[in-house]
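Below, chain A partners chain B and then partners chain C, in two separate complexes.
Presenting the complex of A and B:
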C-alpha cells in the first residue's frame, strides 16, 4: 500500500474524528471540571451496545435508536455519578475505570449482548444512507471513495460538538465548572450545587462518548467487547495531553496528530510482526507523553499559566 | 409582625451546639446569639473551637447535638451551598480564590440565582441569562472599584498578592448579597493599612446596609475597637459573651485567654 492511498487516510480521518469526539467529553470532565473520568470507554460501550440492541433485538430504526442510546448513556452517567461523585478525585477515577471494566465483562458474558460474538447487523439503515450519499458524491466525481460519507458525518459532528462545548464553556455554566475544578469547597460556599454540576458534566461526557461510539459502530460494522477495553480511554488521555489541558481545540488537533502518527507507522518498513508493530504504537504514544511532560506539560494548546496556577 | 429587621433581634442563634472529634469536644455545649446588624467578634486561644464553629454554621460540618438557627430556621445539617443561598457567606482563614480564573470571573461566579448557570436556560432562555450576566457585571465592576481591584480585573486571581486575594475574597463574598458574613481571621496575612480598610468597609456595610458580621480575630486591639459584641471561647465552650468593655474585665476571660497573652488591660 502506498503512503498516498486515499482510502487509508480517509480511514485515519474517521478514526481521529471518533477519538476527537470521545476526548472532547474527557476534556469537559478532566480539563474543565476536575473530574478524573477514567471510564469514558464504558459510556461509549453502553451507548453503542444500546443502539445496536435497540436496532437488532427491538427492531427500532437507527435514527431512533441513536438518540435513545444517548439518553441511556446519560442515564448511566448519572447512575454512576450519584454514588461516586462525592469521592475524592483519585477514588472517583478508580471507580470509573472499574465501571468500564464491569460493563465490558458483562457484555462479554451476557447472552443478551451476544457475548464474544458481539452484535451484528445494526447498520442497514446507515448502509442505505451511505449508498445514497455516495451516489450524490459521484455526481461531483467523489463516488469512488467508499468511506467519504462517514468521514463527512464524523467531522461535521465533531465540529458541531466542538462549537457547542466552546459556547458552553464561555457561559456562566462553564464558569461554575471551572470554579469547581479550582476549589469545590469555595464554589459551594458561594451557593453552587457542586454535585449537580458534576453530574451534568459527567452526563454530557457520556453523551459525547455515545456519539463517538455510534460512529465507531458504523466504522467497524460489528460490536464486540474487546473493542472497549480501557486502552481506548487511555489513548483518549494521550490525545488530551498532547492537545493541551483545558483546550477543546487542542483535542481536535491532538486526535488528528496522534492517529496520523500511530497509523502512519505502518509505512515504516520494519522487520516486525503485526503484533509487534501494534505494540510499537503504544511505545511511541508512551514516549510522546513522557517527552511532553518533560518539555511541554501544558500540551500543544493548553494554557501554561492556567496549569501552573493550579499547582 | 413587622419587627423582623429590628435591631436587637438574633439573626443567628447557636443553641447548645456540641461537636466531637474522637474523644475531643471541639465545640462543647456552646450557645450564643448574633444580633442583626451587629459586628460580633469570636475570640479565644488556638484550639478553642472557633473555626470548627464557623464550619458548623456554614455547613462544612454538622453538630453532634444542638441547633444553629439563621433567621429563626435551622441551618445545621444543610448542605454548604444551601446555607449560602439562605444568605450566609463565609471567607476562609487561608484565602481561597479560584487561582486559574480571572479576578472578574471570581466575582461574577458569586452572583446568585443566575439563570445562565442552568443548562436548560442556556438552551431555552438566553435572554434572561444575558440580562442576569449584564447585571452581575455591573455589580462586579462596582465592587472591584470599591476594593481597588479594577485594574486587576483581567489578571488571574492566582497572580494577586496575599493582601489583594484577601480583598478579592471579601468582595466576592459581598457579591453574593449576604445578610450574614462570617470572616475567619480577615486580618491574618494582611498589612495593617489594608486590614483597617477592610474593617472600615465592614463598618460601612453594617451602617448603610444593615449587614451582620461575625468574625474570628486574634488581634485584641482590633476586636476591642471594632466589635460591638465579643464572644469568648476556650476549650470548645463559650466562657464570656458581651460588649468589649465588659468582656475584657471578665476574670474568666483574662484567665482563659487575655492573661496568657499578657496584654490584658
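Presenting the complex of A and C:
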C-alpha cells in the first residue's frame, strides 16, 4: 500500500477523531477537575450498546436511539459517581476501572447483549445517510471516497465539542472546576457544591464517551465486548498526556499525532507478523506514557503550572 | 473489625462491647467465613461446598502471593502498580521460555521467579527511583504504571504471540479423596501456595527485613527516623514483590493449565481487591484478602455461572471500597 493512499489516511482521520472526542471527556475529568477517571471506556460501551440495542431490539430509529444513549450514559455516570466521588483519588481510579471491566464482562456474558458475537445491524439509517452524503460529495468530485462522510461528521462533532468545552471552561462553571482541582476544600469553603460539580464533570465525560462510541460503532459496523477493554482508556490517556495536561486543543493534536504514529508504523515495512505489529503499537503507546510522564508530564501544549495537583 | 467497631460505637463503652471489640479481626474473619460455608452447606450440600472450598484454597494461594507485593509497594511508595499483574504473566512466560530451553518445569519456574524479582528490582532503579526523587503526582505515577503494564504485556505478546498456551504439564491426572477431586497439578499448587504463604508470613513476622518492610509500609517517615535504611528496604520490597508475583504467576498458570499474555492483567483487579480487603499496606491483610477472594470467587460458582467469577471479585472490590475502605484490618484514610 502506498503511503499516499487516501482511504487509509481517511481511516486514520476517523479513528483519531473518535479518540479525540473520547479524550476530551478524559481531559475534562483529569485535566480540569482532578478526577482520575480510568473507566471512560465503560461509559463508551454503555452508550454504544444502549444505542445498538435500542435500534436492533427495540426498533428505534438511529436518530432517536443516539440521544437516548447519551442520556443513558449520563445516568450511568451519575450512578457511578454518586457513591464513588467521595473516595480518595487513587481509589476512585481503581473503582472506575473496575466499573468498566464489570460492564465489559456483563456485555460478554449476558444473553441480552449478544455475548462475544456482539450486536450487528444498527447502522442501516447511517448507511442511508452516508449514501445520500456521498451523492452530494460526488457533485464536487469526492463521491469515490467511501468514508468521507464519516470523517466529516466525526470531525465536525469533535470541533463542536471542543468549542463547547472551551466556552464552558471560560465560564464561571469552568472556573469552579479548576478551583476544585486546585483545592477542593477552598472551593467548598467558598460555598461551592464540590460534589455536584464533580458529578456534572463525570456525567459530561460520559456523554462525550457516548458520542465517541457512536462514531466507533458506525466505523466498525458491529459491537463486541473485547473492543471495550481498558486499553482503550489507556490509549486515551496517552493522547491526553501527549497533547498536554489541561489543554483541550492539545487533545486534538495528541489524537492526530498518536493515531498517525501508531497507524503509520506499517509504512516502515518492518519484517513483523501482523500480530507483532499490533503489539508494537501498544508498546509504543506504553513507552510514550512512561517517557512523557517522567520527562515532560505537562505534554506538548500543557502548562506546567496547571500540574499542581494535590492528589 | 467493623463488627467490633460498630458494637463499640453504638453503645456506651460497656464491658461486653469492649470484649467484643477486643476479638482480633482475624478471628472475626474466620467466624464469617465458616458461617458462610455453613449457610452454603445448607443451601447446596456439603460435597459441592467442600469441592468449591478446595478450589478456592488453590486460588487463594496465587491471589495472596500476588496481593502481598501489590500492597507493600502501595504502602511504602504510594504506587498503585498497574504493572503488577503483568509481572505475574512475566513469571509464567519466563518459566515456559526457560523450560523450552530444556530445563524441567519446576527448576525453570524457580529461575523464572528469580528473574522476575530482578526485573522488578531493575524497573525500580530505572523508573521508580528517579520518580521518587522528582516527587511526582498521583496522575504521573498512574500513567507510568499503566505504560509499564502495556510495555511488559505487549512485549510478551510480541515475542510469544497472543495465543493461549497450555502449560505442557500433565493437566489431566487427578487425585480423589472421598467425593472430592483435585487435579494433581492443582494439588501441587495448593501445597506450594500454602507453604509459600506461611513462609512469607513467618518471614514478615520474625526476620529483620520482614519487620523493616512492615515498618516502612506502615509509616515511612517514622521508619526512616528510627534508623531503617529505607533505600535498601525499598529495593528489597521490589525484589520480594517481583519474586512473589513471579511465583503467583507460575501457580496461576499451573492451576488453570494455560497462559495468555493478558492473564495477569485480568486478575490484577482481583489482586487489588485482596489488597484493599486486607487494608492497603498491610501484608498480613493481603494474605487474608487473597483467601477471601479465592473462596468468594469459587463459592460464587455454586450460585452463578463460572463466567461471572471475575465480576464477583470486582463487585467485592467496589463494595469494600464504599463501605469499609480501610479493609478488614487496615487503618488509613480513604476519603478525599
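The criterion applied here is as follows: the second predicted complex is superposed on the first by the 305 of 311 C-alpha atoms of A that agree within 3 Å, B and C clash if a C-alpha of one lies under 4 Å from a C-alpha of the other, contacts with A are read in each partner's own complex, and residues count from 1 in each chain.
Throughout what follows, a contact is a pair of C-beta atoms (placed from the backbone, for glycine too) under 8 Å apart; a residue touches a chain by one contact, two chains touch by 3 or more.
Bear in mind the structure is a predicted one, so any value in this text is a computation, not a measurement.
J.: Both complexes share chain A, so when I overlay them there, do chain B and chain C fit or clash?
T.: Chain B/chain C on chain A - fit side by side.
J.: More residues of chain A in touch with chain C or with chain B?
T.: Comparing chain B with chain C, the partner touching more chain A residues is C.
J.: A:97 contacts which: chain B (first), chain C (second), both, neither?
T.: Only chain C is touched by A:97; chain B is not.
J.: Would you check which partner chain A:172 touches, where first means chain B only, second means chain C only, and both and neither mean what they say?
T.: First partner only.
J.: Report for A:141: first if it touches chain B alone, second if chain C alone, otherwise both or neither.
T.: neither
J.: State whether A:285 touches chain B only (first), chain C only (second), both chains, or neither.
T.: Once the two structures are laid over each other on A, A:285 reaches chain C alone.
J.: Between chain B and chain C, once the two complexes are placed on the common chain, what is the minimum CA to CA distance in Å?
T.: Scanning every C-alpha pair, the shortest chain B to chain C distance is 10 Å.
J.: Intersection of chain A residues contacting chain B with those contacting chain C?
T.: In chain A, positions 307, 309 sit in both the chain B and chain C interfaces.
J.: Would you mind writing out the residues of chain A in touch with chain B in their complex?
T.: Touching chain B: residues 168, 171-173, 175-176, 178-179, 181-183, 185-194, 200, 303, 305-307, 309-310 of chain A.
J.: Any idea which chain C residues touch chain A in the complex?
T.: 78, 80, 127, 130-131, 134, 136-140, 142-144, 146-151, 153-155, 157-158, 161-162, 269, 272, 276, 305, 307-308, 310-311, 314-315, 317-318, 321-322, 325, 333-336
J.: Enumerate the contact residues on chain A facing chain C in the complex.
T.: Chain A residues touching chain C: 30, 36, 38, 83-84, 86-95, 97-99, 101-102, 105-106, 108-109, 184, 231, 234, 237-238, 241, 245, 275-276, 279-280, 282-283, 285-294, 297, 307, 309, 311.
J.: Taking the touch rule as given, give the residues of chain B at its contact with chain A in the complex, in rising order.
T.: Touching chain A: residues 58-60, 79-81, 84-85, 89-90, 92, 96-101, 105, 108-112, 114, 116-119, 122, 129, 132-133, 156, 158-159, 172, 176 of chain B.
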